[in-house]
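Several structures are given next for inspection.
One chain, chain A, appears in both complexes that follow, with chain B as partner in the first and chain C in the second.
Entry: the complex of A and B
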């Protein structure tokens, strides 16, 4: 069932938990509401469940208005945080609870079937407190799913589990969702969990949805510093637009129509359409001193603040709001340039000529190199940013890249994004 | 086992301090007496160590003995065959009183009255106390803190003051002293204990459990019957048992509010004590003690068995 929230809002006294919110959750999707605690995600979920009366707006389930329906009359079930299993009932009775309340006579078969689905068939007569956290979690899931709800709501369902079990349950949940085909709405503060499981993610911050899209799109094309920092890590540094090439190239035109995020095709894979067209353009572009000064169609050149470095990025990846009397991407406009740490490659200065001419390039000195097992994490001091983070896969590492060594950093323009400078560059950082 | 919680006195000779004493002269004790070798401290340490390990158990046993001894004396003297009117000196073993507990005039009648009042007062106080506890724990309303304070008052006030003022009230309202006045008085003080017991339980209940019930198609009434009430049951049971015990054994308030023909069991015992307590009083007392212990033990056994299965 498609869920349509229109203008839904909730205030508690003077505090606005959720600002008027429009959201559509397509049928059969795994939808995540992601945000730090207190961002309004749980309140939104509770309004869907009927446990919280909205201050304004409407909630449609398919074509039915359920805004003012009490929770027991909604075809929606919830997996609560800490599970909320009934301590006075055994596992089978917990699972049967919903069926019994609706007057279903013979529940035994369905309960057994459901317990098998979550692999707890032999624990039917135990009490909830005799079960481990992971088992309780699965009981809570079975108790909700047995009712065949049209929408299943999950409120931080894996928050109380340890890391390994959480990973396992993430896959399990995804499997069950695919199996039963029910729309799942999942609330979490764990960006990794949201990205692993959800088809689309709504990032909430201070009672508002600030960006919505498939996980890869959010990650590749953050539209605000909050999303850039909250989902993974971003290197952000100040810069100034030199020459916007917004009128050239099909990509830029698409971008002008309301600065829509780049199509999913680009973000889903590491390889981007941008990249595909670069070689053709690069052939005609003049290249000088590593930093390309040439004007490439669809690309904007920016000058890094406080350093004589020019970088290039697709104009379509400039999430810069238009201000009065000026379009967003224009000369002299202050921006924040961003690049993800894993997109950056490190080279010893002696191999600098191997850097593709079209790449963005910086020089710096390694401040710190940390071994993470699967990768190395470098902290590099550069003219653009004194703490540039770089992740390198732990494969054939250049042993010269140690703390104190000079390095050349480079990455593709297509992996660069720009954000409005008029926001806190550290927003969303100190979470977890 | 409480052995691990036994306090470790730093000065006591234990296995940890023994090697230090037997080792090379330390800075603190260069002139240690030659007798305090390792062997000497060990022989002294063994009983001390035992005492230290079992101190908590010993203290517990002492406290239990202190509590149980009076009951055992009552039980013992229920088998006595007193020579005179007073059952204070052991004469001879007899089961006369146990075979004829109602052999004393009015004893069983007063016992019946006490039981009736206790059961009725418990029922009324539990029902209304539970309602009040839910209201106080769950809702915000004007005068809530006043209501809270008023409910504590009967527990804090000297019983005799409450008894006298209630008596005055009934007298002025021209209500005839008797069964009804005793019942009203008992419900009044029992109510406080029920409210306190149930409120504590309700406040510790996870509100999400009721939300889960509502989410799983239980309407408001079903949520209350199927989830709220079973969860609050231990608190309600505790309040009810407390009420029964308090009502059954109340003397002061009953004395002030009883009529000439309504003599409860505590009043009977007090009256009898003037002339000499019959052995049957010991029988009733012991029987109730044994019954209460049996109920508690039975409950424990059932709970243990349930936990195991």
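Entry: the complex of A and C
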């Protein structure tokens, strides 16, 4: 069933939990409402369940207006955050509860089938408190699914499980959703959970949906600092738009200064011949980067604040809005340049010539190198940003890349994005 | 739904049943622990004050009364233990009516307390919001005055020609209660109704507090889960709220019924000789007639009957599997 929220809002006294919200959840989709606590995602879910009366707006389920329908009359079931299993009833009776309320006479077969589905058949006569957290979670799921709701609402259903079990249940939930084809609306503060399971994610912040889309789009192309920081990690640093259009301009000088720190740790002379092969704008090795300054249509060039480094990115990835006195992407506009840590490659300065000419390039010095198992995490001090995070896959690590070493960082312009500088660069960073 | 395959691999197993090492052998560290020997005695030291108190003020008097109840003789000649068990049958024969009346009044007062107390406890637990503590204090407030004074106050309230009698009379309520045999002669005082009202009033907090504490513990998300699972508000109460509040109902009814059965102040102050309860009879035997063996036998009878009724009740209520 397609769910259509139109202008739905909720206020508690003076506090607006949800600002007027328009949202369409397509039939059969796995839809996640993602946000930090207090962002209004649970309130939105509770309005769908009928547990909270909206202050304004309408909720349509298919073509039916369910805005003012009490919860027991809605073809919607919920898996509650703390499971909310009835402690005085055994597992089978918990699962049968919804069927019995609707006057279904013989529930035994359906309950047994449902309990087998969640592999709890032999625990049917246990009380909820005798079950582990993961088992209780599955009882809660069975209790909701047995009613074959049009929409299943999940309120942080995996929040109380440990990491391994959570990962496993994420895949299970996704599989069940695919098989039953019911629309799932899932509320979570865990961005990984949302990205693993959902077809579509709405990121909520302070009672508004600030970006909506498939997980990959949100991750690759965040349109605000909150999304950039809340979904995974982003390196954000201030910059200024140089040329919004494809006007040519050598970046040699800028690149030279930007690369200065590298010179200390590398043999610049040794590099020169190879670099010289490229139609260098100037004679120094560093300038070779300038060769990529050839304009590519649809690219915007930006100058990093506080450092003479020029970077390039697709204009389509500039989330800079038109405001009074400034058109979106225009020269001189202050922006925040972002790049995901795993997009950046680290090279020892001795191998800097391997950097593709079209790549964005920075130099820096490693402040800290942390071993995470699947990857190494580096903190690099660069002219652009004093704490640039880089993830390198743990495959063949250059042993020279240790704390204190000079490095060359590079990444593709297409992996770069730009955000309006008029927002808090640290928004969404606080991890819950 | 049938198309669904079972959920894959479930590593966690149900929690193991409690092992035999219960609290029973908790008297100090187990063998092999390096605690000082004195520490093993600590629990007993902690039990000592309560144990002494019980021994001196409960066990000893109990035995003394037990022996008194099988004595014979008179005040002048002195009482001697003659194993005269007829004290019991005589007491029951002479005061059976008092026993019945006591349990009848106490049961009625308990039901009234439940009917009045449950909605109140429910409101305090779920609806009172920031007024919750204030309302709780108001429930307990009467305890700041002595039991006796409060009952005496009721005597004034219910007095003949008082506003309550006047109001109920003009509303013809007294006609109804009179027809039911609860009142008579256009008056409230010295009627069964007055005694039951007094008992209800005096023991109401003992009903409300345990009810409140069991209701307050109910997770409100259970109500939401029930409503989400197609239960109307009434069904939610019947299937979820009430069953979960049963421990409070049992505790409240016991705390009301037991002391109300043995109460004599209400019957004394608000009733007439026709409303005498077993407590009044025991008091009379002890303090006026000075027939100690009969009084002691009646005390033991009362205790035994209450014990029987309570254990039957607990067994009944226990089938609901209290949480």
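FYI, the second predicted complex is superposed on the first by the 383 of 432 C-alpha atoms of A that agree within 3 Å, B and C clash if a C-alpha of one lies under 4 Å from a C-alpha of the other, contacts with A are read in each partner's own complex, and residues count from 1 in each chain.
Everything that follows uses one rule, which is that contacts are C-beta pairs under 8 Å (C-beta built on N, C-alpha and C of every residue); 3 or more make two chains touch, one makes a residue touch a chain.
The structure presented is a predicted model; accordingly, all values stated were derived computationally and were not measured.
Peer 1: Chain B versus chain C on the shared chain A, clash or fit?
Peer 2: clash
Peer 1: Let me test your reading of the model: by the given contact rule, A:114 touches which partner, first (chain B), second (chain C), both or neither?
Peer 2: Second partner only.
Peer 1: Once chain A of both complexes is superposed, is A:97 in touch with chain B (first), chain C (second), both, or neither?
Peer 2: Both: A:97 reaches chain B and chain C.
Peer 1: Tell me the contact category for A:180 with respect to chain B and chain C: first, second, both or neither.
Peer 2: second
Peer 1: State whether A:148 touches chain B only (first), chain C only (second), both chains, or neither.
Peer 2: Only chain C; A:148 stays clear of chain B.
Peer 1: Looking at A:123 after the superposition, I want to know if it touches chain B, chain C, both of them or none. Which is it: first, second, both, neither?
Peer 2: Second partner only, chain C.
Peer 1: One more residue to check, A:165. First (chain B), second (chain C), both or neither?
Peer 2: So A:165 only meets chain C here.
Peer 1: In this superposition, which partner touches a larger number of chain A residues, chain B or chain C?
Peer 2: C
Peer 1: Once the structures are superposed on A, label A:205 by its partner contacts, choosing first (chain B), second (chain C), both or neither.
Peer 2: Neither: A:205 stays clear of chain B and chain C.
Peer 1: According to the stated criteria, A:135 is in contact with first (chain B), second (chain C), both, or neither; which is it?
Peer 2: In the superposition, A:135 touches chain C alone.
Peer 1: Jot down the residues of chain A that show up as touching in both complexes, chain B in one and chain C in the other.
Peer 2: 49-51, 70-73, 76-78, 80-82, 84-88, 97-98, 101-102, 143-144, 147
Peer 1: Where on chain A does chain B make contact in their complex?
Peer 2: Against chain B, the touching part of chain A is residues 49-51, 70-73, 76-78, 80-82, 84-88, 97-98, 101-102, 125, 143-144, 147.
Peer 1: Could you pull out which chain C residues touch chain A in their complex?
Peer 2: Where chain C meets chain A, its residues are 1-15, 219, 221-222, 224-232, 235, 239-240, 243-244, 320-321, 323.
Peer 1: Okay, in this complex, where on chain B does chain A touch?
Peer 2: It comes out as residues 206, 208-209, 211-219, 222-223, 226-227, 230-231, 309.
Peer 1: Looking at the complex, which residues from chain A come into contact with chain C?
Peer 2: Touching chain C: residues 49-51, 70-73, 76-78, 80-82, 84-88, 97-98, 101-102, 113-114, 116-119, 123, 126, 130-135, 138, 143-148, 164-165, 168, 172, 176, 179-180 of chain A.
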